[in-house]
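Heads up: the structure comes next, in structure tokens.
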């Protein structure tokens, strides 16, 4: 019940945030010189002045800005994100085509980063000054310090060109025959490099935080009590300490959703992953306003939902938060 | 004009020859079946070339839709959906005799009414207005005869009826009253007339085509399926060709990758097949604004820019120099024009004589150089240090997106810009537009954005556009190119080195004039 | 983007004054942080004075394109126009670090202002400011910067602004949390009752005590801003008239298969710099974190 009110509150609030995203970006994009008619003319190898005027009239670009804004916002309120000038398709269906690919990449990368990061963090925390701890720190920092697209390109050269074990681009190999499992396997094969690349940034964050938070917990009184009771070290670490150090890690993961979406743009570009990121770059370059705003809208939604889920997970793992609310 | 039309008998022989038309003959017997995997560098907006120009739509479009004619690599028209054609001696009537029994992908017959509808749709919606401008009407005396009536002779017409420029689209689908530019069946459930049918079009992923079993050319196409994988990163495409994931990649222009693929085993790179596309990279001047309005400034810049360095060092020897606005692969190209071979001393002298003194910092004046395409980024950056040598202080203006650049250039707010402009087969279609004084239009990219005006040049273009005698036409264009080279509204640098990368497993790699924007019905896998 | 190292706890921890010396001592006990600091200082010095000792214009074509490192006296080779990579690296470092610093400074300024006002005044001011913060938090950072740079031109100030405007939310949150904590502490209530003005309370009483985690965050932000700039450049959104590490990577990206050094070298430069900054940030965090000090 209490969770329900929280959700209702958060959802209505999220709607306001999303509306702000739409309005701000609409105004911003329309302030810049040039418009979609130029893009379409460019894409077609030229256009006459009449054709360009027709395109503008067609999309209502000849109206005053406030009228365009009013029209656009009232459409968005009714769930209509408009029509992509460039792709000649409704924006909602365009994005619906891409969102699953991005979600698959983003969620898998987050889970991998969380899992591996926590594991490395725990290992490092057990012996904070041991060589393992330092190596873990270095590996983690590598991922964080190297530009993510650069990591991607290096992996691509290594594992698609030198040792060609992973495909170079895309999400599926349409020439593959066979049952559903061979398709699942195929997608998994395509995912390996992009997921490693994207999770490498966040691996560092999670493992470092997990290490720090574990060390804090391991030094606390009740762990000392547990030790005194003669519990085995692994029992202490995994049963008691880890449970209590997960909170900050999950909180941080929730805060990273916006960064994950950003990283996804770069990773998708490197690996030609057919998600929102590649669509975004193309739309920005083509000045396809409805699509750009649609993508910002959906990415903001991913972030908001991610944050909400984080809150719920936190409540599950940490009863103190539940009581506090 | 009679000599350009093919006698009926020869056309018929061509049809009878099993599968191999003149010029495409190979020693090997083509094999049927298999899936050809191609890569495409960008996602097309949609798949209907009748209302969309450009090579992204052209490649799948030419598979989905048949045109009345096709061209071989010698610029000779060949029968396609029209089994024969005839141009009247006065050049005002063009008769197309269509193949009998041809059907669209939905089984309905392809008739002369559809041809008339297609011509009308292209006339009304395609950006290249000059293609069918003189066509007054299309008469359809019977289902297999279409007669185009012209207001004046139009030698570019036959080319404009080939490949992606005149796809025959079904009137019963696209004539339903919806705007053909936004027709939903431009992207899905495409009802075409060509050798392949659409299976699936997933943006930024792939286009899957399968054999049209009822294709009007017996025994074709050879392939069961074509998969076009959309891979935007050039390095990724090169890797995919090398490791065998992709069999065929067209419109590749990265010099490094071209040389790399040439050296790699089991794959080849060829520059054949792009003559009609005719992409020329050039440095355009704003002739309506100081100081580039001064012919001396333009000449000095032309002498300072080293075309040889560009083609040999930057393009690593893959690109051909282009001395004029007509592509070197075109029959109308005139190579005997002033080339402005690099001469820094002369360039400095010209500026000195014209009164552009060097300031205290060694610079005479400042200029902006724009560029609208990533393809010409390197050459745009090149002119900065190069023109510094003759005392011109260059700032490279990056336009992060296309509209920003197009707006600047088309509203004449620029000094110089690097650009790539396509010939599109006939000079009437792709060349005239950038030099006609009547085409200086505010807000229209690839119009005469240089604001160049010369009555004699206008007259030459007008005459050449109507001239039906090939030799006379060549003469007119030769004069046209010589005057332009003297007056330099544009410094033409090189032909974009489009190449086709292919695995050695691919037979009959497209070698006509339209590269992969032509039917791939003869391509097979060994 | 990165606020991991600050382990913010809402439990009131009594933080006694930390003498600078104690902090420095703590910092210098951390070997990797010290090494990183040395590396970082070297890089910064190289970027500042390097161009004076090696004045070759990074845009000048000095030799044949694609000469590999070491050939013909060019230590790091030449790029696709025959421009000297070493010169690009030195001049580019200056610009990259400058963008990183400027963007971080901008974020810190906005972040502290928003966080301090929200944390100090509470009430509707906090409500409004935190809503704005949340707005920027849900806006996908890179996408929004891409829109800004693509629409309004890839000039250095615009790029810096586009990075700064999306990166300040973490600082704002940390600052607010610190202010909320500190404002209830005894010495604050004491100065308040002794009649200190709000300005004095904010700037000379609370802010100095709230600074440690903000400093750590700011240090890390320089690193992430450098990465951010590289990312924008990779997508083609960089100023072609100014060499930066990201710009060099972005321009040379098409040539990666055969001249990979043109991308690897600036990539390594970014990597080492950001790594050094992270390690120094870690060291600072440990040195400034009273809990760890007790151990």
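Order of writing sets the chain letters: A, B and C. Residues in each chain are counted from 1.
One rule holds in what follows: a residue touches a chain if its C-beta (ideal position, glycine included) is under 8 Å from a C-beta of that chain, and two chains touch if they have at least 3 such contacts.
In this text, all values refer to a predicted model and were calculated from it rather than measured experimentally.
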* Asked: In graph terms, with chains as vertices and touches as edges, which category applies: line, ring, star, complete, or other?
  -> complete
* Structure fact -> By Cα centroid distance, the chain farthest from chain C is B
* Asked: Comparing A-B against B-C, which pair counts more contacting C-beta pairs?
  -> A-B
* Asked: When you take the mean of every protein CA atom shown, which chain's own CA mean is nearest to it?
  -> A
* Could you tell me the distance, in whole angstrom, between the mean C-alpha positions of chain A and chain C? => 22
* To do: Please compute the C-alpha centroid of chain B, do the same for chain C, then give the distance between them in whole Å.
  => 47
* To do: Find the geometric centre of each of chain A and chain B from their Cα atoms only, then give the gap between the two centres in Å, rounded to an integer.
  => 40
* Tell me, which residues of chain C touch at least two other chains? -> 150-151, 236, 253, 256-257
* Structure fact -> Flagged in chain A as touching 2+ other chains are 32, 153, 157, 161, 269, 284-285
* To do: Spell out, as numbers or ranges, the residues of chain B touching 2 or more other chains.
  => 235, 239, 400-401, 404
* Asked: Across the complex, what residues on chain C touch chain B?
  -> 57, 59-61, 64-65, 80-83, 149-151, 153-154, 236-241, 251, 253-259
* Which part of chain B faces chain C closely enough to touch in the complex? -> 234-235, 238-239, 254, 256-257, 259-260, 313-314, 316, 374, 377-378, 380-382, 384-386, 395-396, 398, 400-401, 404
* Along chain B, where are the residues that touch chain A in the complex? -> 35, 37, 43, 45-46, 52-54, 56, 126-129, 181-182, 186-187, 200, 202-206, 208, 227, 229-233, 235-237, 239-240, 242-243, 245, 372, 400-404, 406-408, 410, 422, 424, 430, 433, 441-447
* Sort out for me which residues of chain A touch chain C in the complex. => 17, 20-21, 25, 28-29, 31-32, 134, 137, 141-142, 144-150, 153-154, 157, 161, 205-206, 208-209, 212-213, 215-216, 219, 248, 252, 255, 258-259, 261-263, 265-266, 269, 280-281, 284-285, 292, 295-296, 299-300, 303-304, 307
* **chain B partner contacts - residues on chain A that touch it in the complex** => 32-36, 38-49, 51-52, 86-89, 94, 97-98, 153, 156-157, 160-161, 164, 167-175, 269-272, 274, 278-279, 282, 284-287
